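My questions all concern the structure below.
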Amino acid sequence: MMVAEPGLAVLAVCLPLLYPVMALRANWHRAMCFALPLLPLPAFFLAVSSDSGWQLELPWLLNGGLWAMDDLRRLFLLLTAVLWTVAGVYAVGYLALPHMRRFCVCWGLTLAGNLGLTMAVDIGSFYSFFALMTFAGYGLIVHEGTKEAHYAGRVYMAMAVLGEMSILAGLLLAASAADSQLLTDLPTALARAPQRDLIVALLIAGFGVKAGLPLLHFWLPLAHPVAPTPASAVLSGAMIKAGLLGWLVTLPFGEVALSGWGASMVIAGAVGAIGAAILGVLQHRPKAVLAYSSISQMGLMVLMLGAALADPERAPVLFSVIGLYALHHGLAKGSLFLSAGVSLPAGRMGQVVTWILIALPGLSLAGLPFTSGALAKLAMKAGLAEDSLDFALAGYLPPLMTAGAIATLLLVLRYLWTLSAKLETGHNPPMLLAGWLAAVTASLIAFWWMPWDVAGLVKAPVWLPASYQVWALVWPMLISLALAGLALLVNQKRSSARS
Amino acid sequence: MTPSLLYAMAGAVLCGIGLFGLLRLSHLLRKLLAFNIMGSGVFLIMVGLPQHHVGPDPVPQALVLTGIVVAIAATALAVVLIRRYYHQSGMASLEGEADSREGGPL
Amino acid sequence: MTLWLMAGLLFTPLAWAVLTLLTDFVWGRRVTWVGILVQVFVSLGLWLTVAQNGGFYYDLGGWGAPLGIELRVDGLAVTFVLLTAAVASACGLHAGVYIDRHKSWHRYFWPLFWFLWSGLNAVWLGGDLFNLYVGLELISLSAVGLVALGGNANALRASIRYLLAALLGSLAYLLGVALIYGQFGTLSIAGVVLWLDSHSASAGPGLALALMVTGLALKTALFPLHRWLPPAHGIAKSPVSALLSALVVKASFYIAARLWLAFGESLGNQAAAQAVGFMGSAAVIWGSWLACKQVQLKQVVAYSSVAQIGYLFLLFPLTYSVSDSISLQAQQGITLQVISHALAKAAMFLAAGNLILSVGSSRVDALAGVSRFLPFSLFSFGLAGVSLMSLPPSGGFAAKWLLLQASLGSGQWWWALVLLAGGLLSAAYLFRIYRASFAEIPETDQFFHPSKSLEVIPMVLALMALGLGFVSEQVLSVMALPFAEEGAP
Amino acid sequence: MTLEQWLPVFALMISLAASLVIFALPETGYVRRTSVNLGAAVLKLVVVIVMVWGVFHGVNYGVSFTMLPGVTFVLRADALSMMFAGLSAVLWLLTTIYAVGYLEDSPNRRRFFGFFSLCVASTMGIALAGNLFTFFLFYEMLTLSTYPLVVHRGTEKALRAGRTYLIYTLTGGAVLLFAIAWLHSLAGDLSFRDGGHFVDADPDIHRSLILIFILLVAGLGVKAALFPLHGWLPQAMVAPAPVSALLHAVAVVKAGAFGIVRVVYDVYGVEASSALGLLAPLSWLAAFTILYASTRALWQVDLKRRLAFSTISQVSYIILGIALAGPLAAVGGLVHLLHQGIMKITLFFCAGNYAETLGIHRIDEMDGAGQRMPGTSVAFTIGAFGMIGAPPLAGFITKWVMGSGALAVNMDWVILVLVGSSLLNAAYFLPIVHRLWFREVKGAWPEERHWGRLETSPWLFWPPLLTAVVTVVIGVLASLPFSPLSWAELIVLREYAP
Amino acid sequence: MIRALRTCFIALACIAFSAVLGASIWVIAGDPGQGNLSQLLSENMSRSGVEHPVTAVLLNFRSYDTLLEIGVLVIAGIAGISMSKTTSLEDPELRTSDPLLYALQRWFIPLMLVLAGYLLWAGADRPGGAFQAGAVLAATGVLMRLGGIPMEFLRPGLLLRLGLALGFSVFLLAAVVSVIGGDAFLAYPPGMAKPLILVIESVLTLSIAMVLLALFVSAPVNDAEDPEEGDPS
Amino acid sequence: MTDWLLDGLLVFALLATAASALLSRDLFRAVVVFIAFGLLMAVAWVRLQAPDIALAEAAIGAGLTGVLLLDAVSHLGNKRQTALRQTRGSHRQGSDQS
C-alpha cells in the first residue's frame, strides 16, 4: 500500500477537479450529480487504510510541492472525507434544482480544496487549496440565488478575500522568515522571527475568518442557512475546520510560549462560545441556530488553541484533544445540518425514531454520556486541567467549559424547537435519507472506530465515562434543560397573554 | 577712389532702391522694373569693384553679359506670366489692392 | 571612363531637353524613358567610380580653376547626383502617366523637366560661384515654367510669386559673388578657401557670405522667407511639386551649405550661425503649425516642406566653431536629412497626387474611406510620412539621430529640443491626414482608380526613404570620401 | 552568416514578410490571407522555440551591422529577449486565430492583418534588440503599426482615441529618443549587457545619468502606462478586441515595461541604478500606479475599460518587481511579464467574445452570461482569479515571488501594496464573476449571434480557453523547467551573476 | 497708418542695406589682396581661338556658363510659348496701317539686320557678339511684329521649336564633340576653336533672337486653362 | 576733373531715373523712364570700359526690355483699371493665410 498512497492522494485531489472538465458537456449533469458521493472515496480510503508518514514530493508544483500525512492531518482528512461522502449521498437525493452543473462544479472544486489542504505540506499547495475551497465555496453559498443568498455570498466573499489576503501576507512573512516553502518549517522559524507578533496576528485573523472567530464570524450565520443543506453540512462540518487546521499547522505551537496571544485566543474563544450561544438562541431558523452553534463550538476549540499557544509543554496533548473535538463536532454538526432537510415520516413510530435520530447528535454535542461528545468533553477537561497548565488564565478555563456545555445544549434545544416548527411530514428521497442516516451513524457509531488518539487523558473503555465523570457531564445539561423549560414557560405565558 | 568704385557705390545704392521697389511696390510690372534696377546695381558692383583694383577686367564683364541675358530671359518670362495672370484674374498684383499685407515677393 | 561618365552626365539632360522640345508629349515620354535610363546608369557609374577611387576635379573645356570652370566631383556631389537621378526618374516616370497628354502645352513639360535636371546636376557638381548662379537660374526658371505650365490664375499667381522670390534670391547671391570676386579675384570656391587659409580674413566679404546665404535661404524658403513656397508647391502638378520639394529647394540649400562649410569658419560668426539656426527652428515650428491648419492636402505637404527645410539650417550653428567630429556628425546628419527628405517628400507628393486623382478633390477631409480604395498609395504616403516624422528606421530618423548627437555633443541642446518638437509636430499634421483617410463614411464610394504604375513609383521612393536608415553608414561613407588632391588649384 | 546569426533575423522577418504578403494580397483573398497568417505564426513559434532551446544551452544568437557612424543595429537573443519573444510568438498565434474569427465579414481586413503582423514584427524586434538604439527603432515602429489598429473601426470615437494614443506615444518616443541620444553622446554605443554599464561610472556624469534615467523611464512609461502617463490606454479600448488583447497583453504595454527592464538591467545595471538612488522612487511610482489604477477600475462600467485600468495596474507589477533591486523580486517582476500577458489576453478574448456573440459591452449586461457561454465564462473566471492572484494560478506565483523578494530586500511595505492591489482586484473582478454565474439572465441579449454547435465561433471559442488553461498550467507547474518562473529565474541568475 | 509705417520701415531697411553694402564695398576696395585673373586671362588668350577677351571668356574659358545661360533663355522661351495656348499668334489689334510705322519698317529693318550681322562678326575681336546681335535681331522682329507683319514661323509649331533649339543644340554638339576624342566636356578640339566659336555664335544669334521674339509675342490670348489638381471638372 | 563731373552726373542721373521709374505714379511713364535708365546704364558701361556690356545693355536692357514692358503696360493698363477689373477676377486664395 505504500506505493499506492501518493497515487491515492493525487487521485483524491484530482477526481473532484475533473468536474469542471465534465461540465463542458452539457448533458452529463445527471452523471455528475450521481457521482457526487464517489468523489471523496479515494480520500476516505487514504485516511482509513494508510498509516501516517508517507510523503509525496511534487517538485514541479508551484514553488515545489510536498504532500504528506501525519496523525493530525489524517484525522482531518478522515473527517473531511466522511462528511463530504455523506453529504454527497444526501445531495443526490436533495438536488432537484436548476443549475445542477454549476452546483456540482463548485462542489467538486470545494471538495478538492478541502481535501488537498489537509494533505499539503508546502505553503504553495496549502494556500492554493485553501483559496480554492474558499472561492469555490462561494458558489455553494449563493447557489439558491435568493436575495439573502446573494447578500450572504457578498459578505462571505468580502471577508474571505480579506482573510485570504491576511493569510497571504502572513504566509509570505513567515516563509521569508523561515526561508522555506514548507509549512513544517514555519513554527520553528516563527518562534524566532522578529516580526513574530505581526505574523501570528495575520495568520490568526486570516484563518479566523474561516474558523468563525468572534468578530470575523459575520458571514457564518448568514451563509450557512442560505446554502443548500448538504452544502451547509460540509461548510459547518468540514470547511470550518480548515481554518482550525490552518492554525494548527502554521502557528508556533510547542516552540515558544506566546502567553499574550494565548490569553487573547482564550478570551476570543470564550466570547465565541458564550456570545454565539446567546445570539443563537434568539434565532428563528434552525440552520441559523446551528450556525451559531458552530461558532460556539469553534469557540471552545479556540479556547484550547489559546491554551496550547500559551503553554508549549502542553501543546501536543492539546493537539490531540483539538483533533478529537474537531472530529466529533464535524460529524455531529454535519448530521444536524443534514437533519434540517429531512421530512418526518407519516407513522407515529417513524416520527419518534426520526426525532431521536435528529436529537442524538445534538445531545452528543452537549456531551451526552456514551456519545463522542462525552468523550470529547472529558478529554478537553482533562487537557485543560488547571494544575497541568502553566498559564495565567488556566483557572478560568473549567468554568468557561461548563458555561460552554450549557450553551451548547441550549442551542441544540433551540434548534430542535425551531426545527419542530418547520419540519413537515412527507416522503424523503431515498438517497437523502441514506445520506442523513449515514451521517448520524458516522457521528454516533463509526466515530469509535476512527483513528483518534487521546490515550492517557481518558480512561478505557473510552466510550464509557467513569461515574464521577457522568455527573460532571450531566449537571450542565440539567441546568440548560431547566433554562430551556423556563424559556418555554415564559414563551407560552407570553403567547397566551398575547392571544 | 576711382570711377569704378564710384559706379560700384552707385550700384550699391541702386541695389537698395531696387530692393525697396521689390519689397514695397505691389504692381507686378513695377516689381519687375525694380528687379531690373537692382540687377543693374549688382552688375555695376560686379564690374566696378574688381576694376577698382586691376583696371578693365574682361572676366566680370563676361559674367555681367551672361547676367544680363539671364535677366532679360527672366524679365520676358515674367512679363508673359504677368500678362496671362492679368488676363485670367484681372489683377496686376499678387494680393489685390485692398489687401497688401504681403507687399514683397516673399 | 570617368570622362565619358562626366560628359554623359552633363550632356544627356541638355540633349534630351532639346530632343523632347521637338516632340509631342507621347514621343517625349518615350524619349524620356531612354534618357532616364541613360542618366541613371551614368549617375550610378559615377557614384561607383567615386566610391571606389575618391573624388576629383573636372575641368570643363580643359580650363582649370581660376580661369575656367571646374566641377568638383566628390562623394557628396555624386551622392546627390544619384539622388537626383532616382527622384527625377521617379517623377518623370510618374509624370508620363499622370499628366494629361491631350493638352498640347503639356509637351513642354519634358524639356523643362530635363533642363531642371541638368541645372540640378550643374549645382551639385559646381565649384565655381558664378557657374552656380547660372545653374540656380536654370533651375529656378524651369521650375517656374513647370509650375506655371498651362496653369490657371492661381497657378500663375504662385509661379509669379515664386519667380520673383527666386530672382531676388539669385540677385542677392550674385551680389555676394560680386563682392567675393572683388575681394578675392577668383570665382572658384576652392580658390577662395585656399586664399582664406593663407590670409587673415577681412571684414568685407562677411557681408558677401551673408548675402549669398540670405539669397539662397530665400530660394530655399527658410522662415520667414518661405511664403512663396506653399502656393507654388501646392498648386503645381504633383510630379512637379515632387521635383520642386525634393530637389529644387535642396539645390540652393546645398550651395549655401557648401559656402558655409567652406567660408563659414573664416567669414561667419557665432551670432549669425545661431540666428540662422533660430530661423531654421522657427521654420520647423511655424511650418509644422501651419501645415496642421491647411485644408488642402498638397498644402499640408508643402508646409511640411517649409518645416523640414528648417532642419537643414541647423547645419549652420552645429558646424560653427565646434570640434571636427561634431561638425562631421552635423554634416552627415544634414546630408541624410536632405536625401531622406527628398525621397520621402517626392514619394509623398506623388502619392498625394494619386490620392487627389482618386477622390477627385484636393481637400484633406475628402480622403475619408480612401484607405479602402487606394490603400497602396496611402501606404506609400504613410511610409514617406514615417521618414518625415523622423521615426525609425527611416533615413529621416538617422538624420535626426546624428543631429541630436551633434547638438548634444556641442552643448547646444536647444536644437535637440527643436528636433524633437519638430518630429512631434510633423506627426501631428501627418496623422491628421491618416486620420481623415481612416474615417469611415458610408456614402463615399466613388473613387477613380489610377493606373498601377502611378501607385508603384511613390512606393518605391518611400521604401528608399525608409530603407535609407539601414544603409546610412554606406551612404555616408561615400559622402565623406577624401578628395584626390591633385585636381585642386 | 551562420544559423546563429540568421535565426534572430529570421524570427523578425517572418512577421514582416507576412505583413507585406498580406498587404499584397487582395482584400477578398480570405483563405490565402488566413493561411499566410497562421503559417507565419506557427513558423515563428517554431523558430522561437528553437531559439529558446538554444539560449537555454548557451548559444549566442546575434547579428549586427553599423547603421550610422557610431551606431550599430544589433539583434541578439538572450534569456530576457526570449522571454518576450516567446510570449509574443505564442500570443500572436492565438490572437491571429482569434482575430480571424472576430473580424469575419468586417471591412478592411487586409489592412488590419497587415498592420497586425507588422505590429508583431515590431514586438519581435523589441524583444531581440541588442542595444537601446535598435530597441528604439522597433519601439517607434510599434507605435506606428498599432495606430491603424486602434483607429480600425474608423468611427469618430476610434479616431479620437487614436489621436490620444499618438499624442501620448509619440511624445513619449520623442522623450525617449532625447534620452537615448543624450546617453549615447555621453557614453557611446551601449549594447545591452548583463550587469549594465555604469557600475563604476564617473561621478561627474552622475547627475546626467539620473536625468537621463528619468527621461528614459518617462519615455518608456508612456507605453507601460505608468501613472500619470496612462491616459491613452483606457481610450484605446475602442479598438477591436484582438487589438486590445494585443495592445494590453503583448505588444504595447509590454514593450514599455520590457524597455524599463532593459534600461534598469542591461544599460544601467541594477547596482548602478540603485546606487544612483533611482530604483526606490521608481518602485514608489509603480506601487502608486498599481493602487491608483485598481481604484479607478472599480468605477468603470464598461468591461473593456475596467480591464484597461486593470492592465495599467498589472503592468506596474513588472516595474515594481525590477525596481525592488533584489533577485527574487526581479523574478517576480519578470515572470509577471508573461503571466500578465497570458491572463490579460484571456480576459480580452473573453470580453471580445461577449461583445461579438451577445453584444455585451457593459458589466451590468453580463448577468447570466455564464449559462449562455460557459466556456468563455470559465476562461474569464480563470483569468480574473489569476489577476486577483488566487493560487494556484499564474498571478499568485507572481505575487508570491515578488512578495518574498520584497521581504528579502526588507521592503515590507510592498506586501501592503500586493495585498491592497489583490483586494482591489477582487473588488472589481469578483462582481463580474458573480454576475456571470450566479445571476439570472435579464432578458434578451443586446445583439445575439449564433454559431452552430459551440457557444460562439470556434475561432473565438478556443483561444481564450487555451490561454485560460495555460494560465492554470503555468501557475500550477511553475517549477517545471522552461516554465515562466524557471525562465525568469534563469534570467535573473545571469543578471545577478557577476 | 500701418502702410506708412511699413513703408518707412522698408525704406529704412533698404537704406541700411545700401549703407552696409557700400561700406563693405569700401572695405573690399581698400583691401588689395587678391588673385590676378586678368593676367592669367591674357596669358591664355592665344589658346582661346579669338582675340576679344570677353568673347574668349564667354565662349571658351567659361563656355559652360554660356551654355547653361542659353539653356536659361531656351527655358524662358519654352515657358513663354507654353503659355500661349493657341495655334495662331495673329492679333488683329496689332495689324496697323500706320504709314509712319510702315515707312520706319521699310528703312529700319534692313538696317538693323545689317547691324546685327556686323555685331556678330565683330564679336571675335571687338566688342560685340551673339548676344548683342541676337538682341538687335529680336528688336527687329519686334518692330516687324508691331508693324503687323505676319510671322508664321512664330507659331508654336515645330519650326519655332527648332529655331529655339537650334543654337543650343549646335553649342551642345560642339561641346560633346571633344568628348569623343577623349577630352573634357566643352573642350574644343585643337585648332577648331575659332571656327567652332564662329559657328556657335551665328546659330546662337538666331536662337537668341527667336527666343526673345517668341517671348514677346507669346502674350496670352485665350482662356484655355488647366484645371487645378483635384478640381472637379 | 571733367571725368569726375561726368561720372558724378551720370551716377546721379542713374539714381534719379531709377528712383523715378519706381515711384512714378503712371506706369507708362515709369517704363519710359526705365528705358532712359537703361540708356544711361549703357553710357555708364562705356565709362567703365565695358563696351560689350554697353552694347548689350543698349540692345537688351533698354531696347528689348523697354519694348516688352511697354507692350505689357499697354495691355495691362495701370492701377485704376486694375481695380475696375478686379470684380471679375476669380479670387481664390490658396496661399499662406498667416
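The letters A, B, C, D, E and F name the chains in turn, as written, and every chain counts its residues from 1.
Simple rule for what comes next: a residue touches a chain if its C-beta (ideal position, glycine included) is under 8 Å from a C-beta of that chain, and two chains touch if they have at least 3 such contacts.
No experiment lies behind these values; they were computed from the predicted model shown.
Shared contact partners of chain B and chain E are C, F. By the document's definition of touch, chain A and chain E have no common neighbour. Geometrically, the chain at the heart of the complex, using CA-atom means, is D. If you tally contacting C-beta pairs for each pair of chains, C-E comes out on top. With centres defined by CA atoms alone, the chain at the far end from chain D is F. If each chain is reduced to the centroid of its CA atoms, chain A and chain F end up 114 Å from each other. A straight line joining the Cα centres of chain D and chain F is 72 Å long. Distance between chain E and chain F, defined via averaged C-alpha coordinates, is recorded as 19 Å. Separating the CA-averaged centres of chain D and chain E is a span of 69 Å. With touch defined as above, residues shared between interfaces to two or more other chains in chain B number as follows: 8-9, 13, 15, 17, 19-20, 45, 49, 52-56, 59, 61-63, 65-66, 68-70, 72-74, 76-77, 79, 81-84, 88-89, 102.
Shared interface positions of chain D, i.e. residues touching 2 or more other chains, are not present.
Residue positions of chain A touching 2 or more other chains: none. Those residues of chain E whose C-beta lies close enough to touch chain F in the complex are 52, 54, 119, 127-129, 131-132, 135-136, 138-139, 142, 146, 212, 215-216, 219. Put simply, chain C touches chain D in their complex at residues 329, 332, 371-372, 375, 379, 382, 386, 389, 391-393, 397-398, 400-402, 404-405, 408-409, 416-417, 420-421, 423-424, 427, 431, 434-435, 438-440, 469-470, 472-473, 476.
Contact residues of chain C toward chain E in the complex are 3-4, 6-7, 10-11, 14-15, 17-18, 21-22, 58-63, 66-69, 100, 103-105, 108, 111-112, 115, 118-119, 122, 130-131, 134-135, 137-138, 141-142, 144-145, 148-152, 154-155, 175, 179, 182-186, 191, 195, 199, 202-208, 235, 237-238, 296-298, 353, 356-357, 359-363. Put simply, chain D touches chain A in their complex at residues 370-371, 374-375, 378, 385, 388-392, 396-397, 399-401, 403-404, 407-408, 412, 415, 418-419, 422-423, 426-427, 430, 434, 437-440, 475-480, 483.
Within the complex formed with chain B, the chain F residues making contact are 3-4, 7-8, 11, 14-15, 18-19, 21-22, 27, 30-31, 34, 37, 41, 44-45, 47-50, 52-53, 56-57, 60-61, 64-65, 68-69, 71-73, 75-76, 78-79, 82-83, 85-91, 96.
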